[in-house]
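Let me give you the structure first, and then I'll get to my questions.
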């Protein structure tokens, strides 16, 4: 177990915006193959943490490493290992579905770009609308395309920022099974979410972030969903750390 | 860097081919400006024809701004531009790709507007000075796009990008605009020499492409 | 008394002395110009203001550069302070120019090379200040403003050469006399004293503006902290 590579290692990770501290000395280790669900109130720092891991934030204190490579301004190679799904779909609305995928495949220098694009269209059930302009798609389809975009380059680590928000039941299940497959195939997932049910479908670990610090970090095997939900709601509504149930 | 530039250029061209937004808007706007000039200034007199080149470049300055604005407005819509930050690409390559796309759009606009312009102002290119016109268009569009692409990225981060883009970058393009007008005037036979202006345009282009390549990453990041 | 306070007092006293000297010399020491008469005295405001404005923009360039290299907000604070005082001085240059031109030439403006350059510079740095107003995030604001601060400054020599060459091809009256007009030594001395006076004025305004900037940042940060605690 100690030999397993670490997908994301944050040590003393701190991010300040002026005098506001979004992340306070965060220590988080996400081993390869894990699926970590990140919970917390809005403004707790979940998005900031994901943005640092996704190379969207240029400067920070402490260390953040992706598979042993430090996330650094200007060093781009580690970005090849990471796929990012944000609040925004990060898609070009005036391009077709297939052109969007082609663009990202080429941008990431995917070796078998055209074949890979076809493969993704099939895998994400987008073939029927491949030539449609993204502007015309439903939210669920855009989300699927966004996910396809995120994995076009076969990343080893997938970062998702509240991926279940706004999805209907069908799309949610679909996303769940896609993530499950991703982890089964050896990938690592770190996602922020408010959806306890869905998260516990896939997650191997649950982490709660409060005002920039981690106050809860346990394997999902050790706690059951209702207990966690109770603790999490405590955090959401009262702002207090959950009872230190053996943390 | 060249690979990234190529992919970004391809993407911008694809979008333009599909929507024809930038060129369409720039073209219509140019014609509109020329029509307004005609009514405001009675452009059909010999004196005005000498100033034809000036009118052309004023129309270009305004319509070009529209096209440049769109360049990054696209990236902001649904956060596509963010992908250019978390992807393993260098900012200079992104700049180069967008810059080349903008140069192409501006050139196409110029070419489409030229006939209308020649007709409205009853002017014409002097027989052996066609090379001057081509050079004038290319260097002028390049200079404009060099600074405009950078400032478009800067302005797209603000609440008032339509106002800020022209305010920020038109003053900086003053040398290029003066030079462009002088070189086009030369091509149209209104002046006799323009070697200084051609040289200035080249220097301007080189300086600002270089500076933009170096500084662009700061415009993209979070 | 803290070091900063001492420096402030010194600057203020020096400024008072120098400015008084400058004005006194302007009216009682420097001779009245033959052709233009007393209106020429504006020269002693116009030129020092212009030089110091340019100094201000050089500071903006340097500080913008340092900011992008270090990300230290202090450099950004310095840049914006220099820019604001620079724009103020440039505005005054643009006002004193026409005030001089009207009695002497009969027209307010001639697109004279130097004044045009000043006008373009004014537009560029006005743009710099406006850009800052429309960006909410402090980090983005500093970085993007730095870009404008650098590109704007790089443009200056190009603008200068372009306008100057254009003016030689399309000559017009020159404000404040051409480059070749000789300067009576008493006028020259007065000019230097005035320049020093405006340099001190620049410094005094700059320092206060810089402190204002720091205070503003602290207030914003405190407000964010308080809001963070309440929610």
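Just a few scattered comments:
Labels A, B and C are assigned to the chains in the order they are written; within every chain, residues are numbered from 1.
Here is the rule we go by: a residue touches a chain if its C-beta (ideal position, glycine included) is under 8 Å from a C-beta of that chain, and two chains touch if they have at least 3 such contacts.
The model shown is predicted, which means the values in this text are computed figures rather than measured ones.
Chain contacts here are complete: no pair of chains fails to touch. By count of C-beta pairs in contact, B-C exceeds the other of the chain pairs A-C and B-C.
Put simply, the chain farthest from chain A by mean CA position is C. Chain-level centrality, scored on Cα centres against the all-protein Cα centre, points to B. The distance from the centre of chain A to the centre of chain B, with each centre set as the mean of the Cα atoms, comes to 40 Å.
If you average the Cα atoms of chain A and of chain C, the two centres end up 49 Å apart.
Each chain gets one centre point, the mean of its Cα atoms, and the points for chain B and chain C are 31 Å apart. Touching of two or more other chains is recorded for residues 221-222 of chain B.
The touching residues of chain A, counted against chain C in their complex, run 17-20, 43, 59, 211.
On the side of chain C, the complex with chain B involves touching residues 68, 120, 123-124, 126-127, 130-131, 134-136, 140, 143-144, 146-148, 150-152, 154-155, 158-159, 161-163, 165-166. Only residues 71, 73, 137-139, 217-218, 220-222, 224-225, 228, 231 of chain C touch chain A when the two sit together in their complex. Within the complex formed with chain A, the residues of chain B that make contact are 3-4, 7-8, 10-11, 14-15, 18-19, 74, 77-80, 82-90, 217, 221-222.
Considering their complex, residues 147, 150-151, 154-155, 157-160, 164, 167-168, 170-172, 174-175, 178-179, 182, 196-197, 200, 203-204, 207-208, 211-212, 215, 218-219, 221-222 of chain B touch chain C.
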